[in-house]
Amino acid sequence: MQFLTTVLLDGLVYASYLFIVSLGLTITFGVMKILNVAHGSFYAWGAYLASIAIIYLGENEYNSMFYYFSIFMAAIVAGLFFGFIIERFILRKMYGEDIHLIVLATFGIFWILEDLILIVFGADPLMPYYPAMELGGLEIAGVYQGVYSLTLSGLAVVVAFICWYFLKKTKWGKLLQSVIFDREVSVSMGINVTNVYLITFIIGGMLGALGGAYVAPTISISPGFAIDVVVMSFAVVVIGGMGSVPGALIGSLMVGMIRAFAVHQAPVLELFIIYAVMAIVLIIKPQGLFAPPKPRKI
Amino acid sequence: MNNNFILQTKDLQKSFSGIIAAENINISVKEGEIIGIIGANGAGKTVFVNMITGYLKPTSGKIHFLGNDITGIKPREATHIGVCRSFQVSQVFMTMTVKQNLMIAMSLSKKKGGQLLLPLEDEKLSKECDKILDLYKIKKQGDLIVSTLSQGMRKLLDIAMAVVGNPKVLLLDEPTSGVSVEEKFGIMDIVISALKKSGTTVLFVEHDMEIVERYVDRVIAFYQGQVICDDTPKKALKNKKVIQYVLGS
Amino acid sequence: MFKGILKDQSVQTSIGVIFILLIFGSFILPEWMSNNFMYGMSRGLAVLGLMILWRTNLVSFGHALYYGFGAYAVALCQKFFGVTDILLRLLIAVAAAGLLGFALGFILRKYREIFFAMLSLAFSMVLYGLLAKAEFLGSTDGMSISPSTFFGTELGRIALFNFIGLVVILAIIFAQAYLRSSLGHLTTAIQDNEIRVEYLGYSVEKAIHIKYVISACLAGGAGGLMAASLGQVDPDSMVLWSVSGELVFVTIMSGLGNILAPFIGAVIFEFIRTYAFEWAPQAWQMIIGGTLLAIIFFSPGGLWSLFQKLNFLRKKNNE
């Protein structure tokens, strides 16, 4: 029983931040058909900016509300700044190119931003533990769990709800869906796809950065820590179906739970099992579990 | 099934999610016959060709070739047993030269696998290839990349690629569409006489009644997925239904 | 298959270039330079494999799977059977990767585009996940490889360098013989029009499978030679997804135009990396990433197309 609770709680926390990060990735892919390797850079930059702010605030004993403010600001700044530069000056020139070439370009961007972190923030690890320490922990069914980690799940639910509301209930959401469904038709209907792409990429980036910024207080941040997240969020998106929002949710829950189970039961298989699931899903259902519909073109 | 026929279909039917594209198709073809398939757009001609050559799987019914059931075989299996085809929209290798296109077709048609490992630019193959290109009057264009050719030229290449496999039954889907008016008889003369010499059975889909009258032994007319007439060209073209539904006057 | 292959112009050029390189590397160049040539040539084999795949527009984002598998096969055979002979090591690496490629090929041959890329990535990460956690294989520290021997005598650095050069020449001859054959041309044909290839009576999947196994063998050989020349194997620098990305990067940097290009590209990459690391240890990844973007934007045909442009200009001036 205790084991199960541990796995469930750990899995939930892990799934929550994977969901926030992967949601950004899957939205970018759904709208722009770009597999963005540099998504990991958003994650890393969000985490670093938030860490710097939190450490500053913590050392000077500011009100703890500022922590959360700085986390969201870090996500917005990182997403806006890098999202705008990357989309406007690099990706925009590549639409219509071979999809592999675009992936490679984002890989190049990832490399550049990785070193930029090293140059700006140095190689020493950062530990912005203040918010997590402040909230302390509590016991759930005999298992001790950090409260801050649990708020992460709350954030994931809020993000999921906002995303659902936006896509299903607003005019903008419908516009976006029509671009996802068929780009050419949307252009001929007068939708400004260029702007839609820019905004999508920025929002996708912000989500990636938010994942990093919010998780930062629970981990130690050092250069290169995003490299695992890139491919892990790829796994989530592939399992759920590239471009599918519910897919990202189910995918992150699956990966989160499987990983939590492996970590506690068979740590040797921790990484293996995630990618084995990814491979198996690709073999059985190449489009992913929740593939978005495709327009029939003859 | 009667072994006197090279190709026979029995109650062939194809429907796409409930919409019937072809039904009750019973056709028997004798060896060496040249048959014209006519019908308005959407009458089911191409669906018929696609079913015979394995591109589409019939919903029900049977296809027999030389007495063997070949219903639902794969395209490459159809090619192996000698049922080849050309396409309405030419299916050629756009980024390669005309000669490379034909040479690939030729080396794949050699029954011995060893040819595949020989250089494509093999001298012997190259000479054979030139002869065929000459026959189809596209030798001058031999070294051009296919995407720079006119539709008509691509069509000829498409047919040539189907013919080099020495098929027993050849299905041509609108061989003269896109070919210029001056050229079309010249080309069909070449194609049909070559095929007659080798005794190949030919079924071709055609909109041009001049071509139909001139070359075929028999006409099969389609309307709304069904065969409405199966007769000699003289009679078929005077058939009331054909005049009303196919010729449209 | 090999009839007249030595008369092939690009094979002749390749052999010439590599012979010159071997002579310079053996007698004149300083050690760090000839090391870069050695690593570049080894990894060039994997890049050649990717180039062959790319000709059918299949891009593997998981080719480090075979690269790493070949390297670890060498490490394991040393550990359990004491194999150190360089010829055996090469054969083991190639055979192991080839077998794995043959098995996975049955699945991958049905995939195209991004799905092919993603499934390759997944397979490579499965191996990474196993190796990174397997303690008896050294986990993330990997294993060390003892110096290679050749029929009992220990192989010096220069001898190994020359051995790798000869392997590269053989690989170039084989790959060029494959690419110029009808089967090789068929792969361009598949990229153009799969339906037609099927109607010409050849299985598209089979053609892709053959190509995939060739590509896996080349990458495995690269891994085996790399293990022998570095004296070390580890998952992070041989199996991780970023290694696959690096290999794909070198492929695009080299261009798909010529059989020698992958090796030139791989050698240049080694030099860029060494220099970048020397000059700006904090920004070497940035330099490599910038190079990648510059190539994608300014020379999409890779370095080889730059060479061709230069040649073209020279000819024009001469006229």
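We call the chains A, B and C, going by the order they appear; numbering starts again at 1 in every chain.
Definition applied: a residue touches a chain if its C-beta (ideal position, glycine included) is under 8 Å from a C-beta of that chain, and two chains touch if they have at least 3 such contacts.
Not measured: the values here are computed from a predicted model.
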Geometric centre: closest chain by C-alpha means: C
Top chain pair, ranked by number of contacting C-beta pairs: A-C
Distance-maximising chain from chain A - centres being C-alpha averages: B
Chain A and chain B, separation of their C-alpha mean positions in angstrom: 53
Whole-Å gap separating chain A and chain C, where each centre is the average of the chain's CA atoms: 33
Intercentroid distance (Cα basis), chain C paired with chain B, Å: 44
Residues of chain B touching at least two other chains: none
Overlap residues in chain A, where contacts from two or more other chains coincide: none
Interface residues, chain C side, partner chain B - complex: 1, 3-4, 177, 180-186, 188-189, 191-193, 195-196, 198-203
Chain A residues touching chain C - in the complex, by the definition given at the top: 35, 37, 90, 93-94, 98-101, 103-105, 107-112, 114-116, 118-119, 227, 230-231, 234-235, 238, 242, 267-276, 278-279, 282-283, 286
Touching residues (chain side chain B, partner chain C) in the complex: 53, 55, 74-76, 78-80, 84-85, 91-96, 100-101, 103-105, 107-109, 115-121, 161-162, 165
Contact footprint of chain A on chain C as seen in their complex: 57, 59, 61, 107, 111, 113-115, 117-119, 121-123, 125-126, 128-130, 132-135, 240-242, 245, 248-249, 252, 282-286, 288-293, 296-297, 300
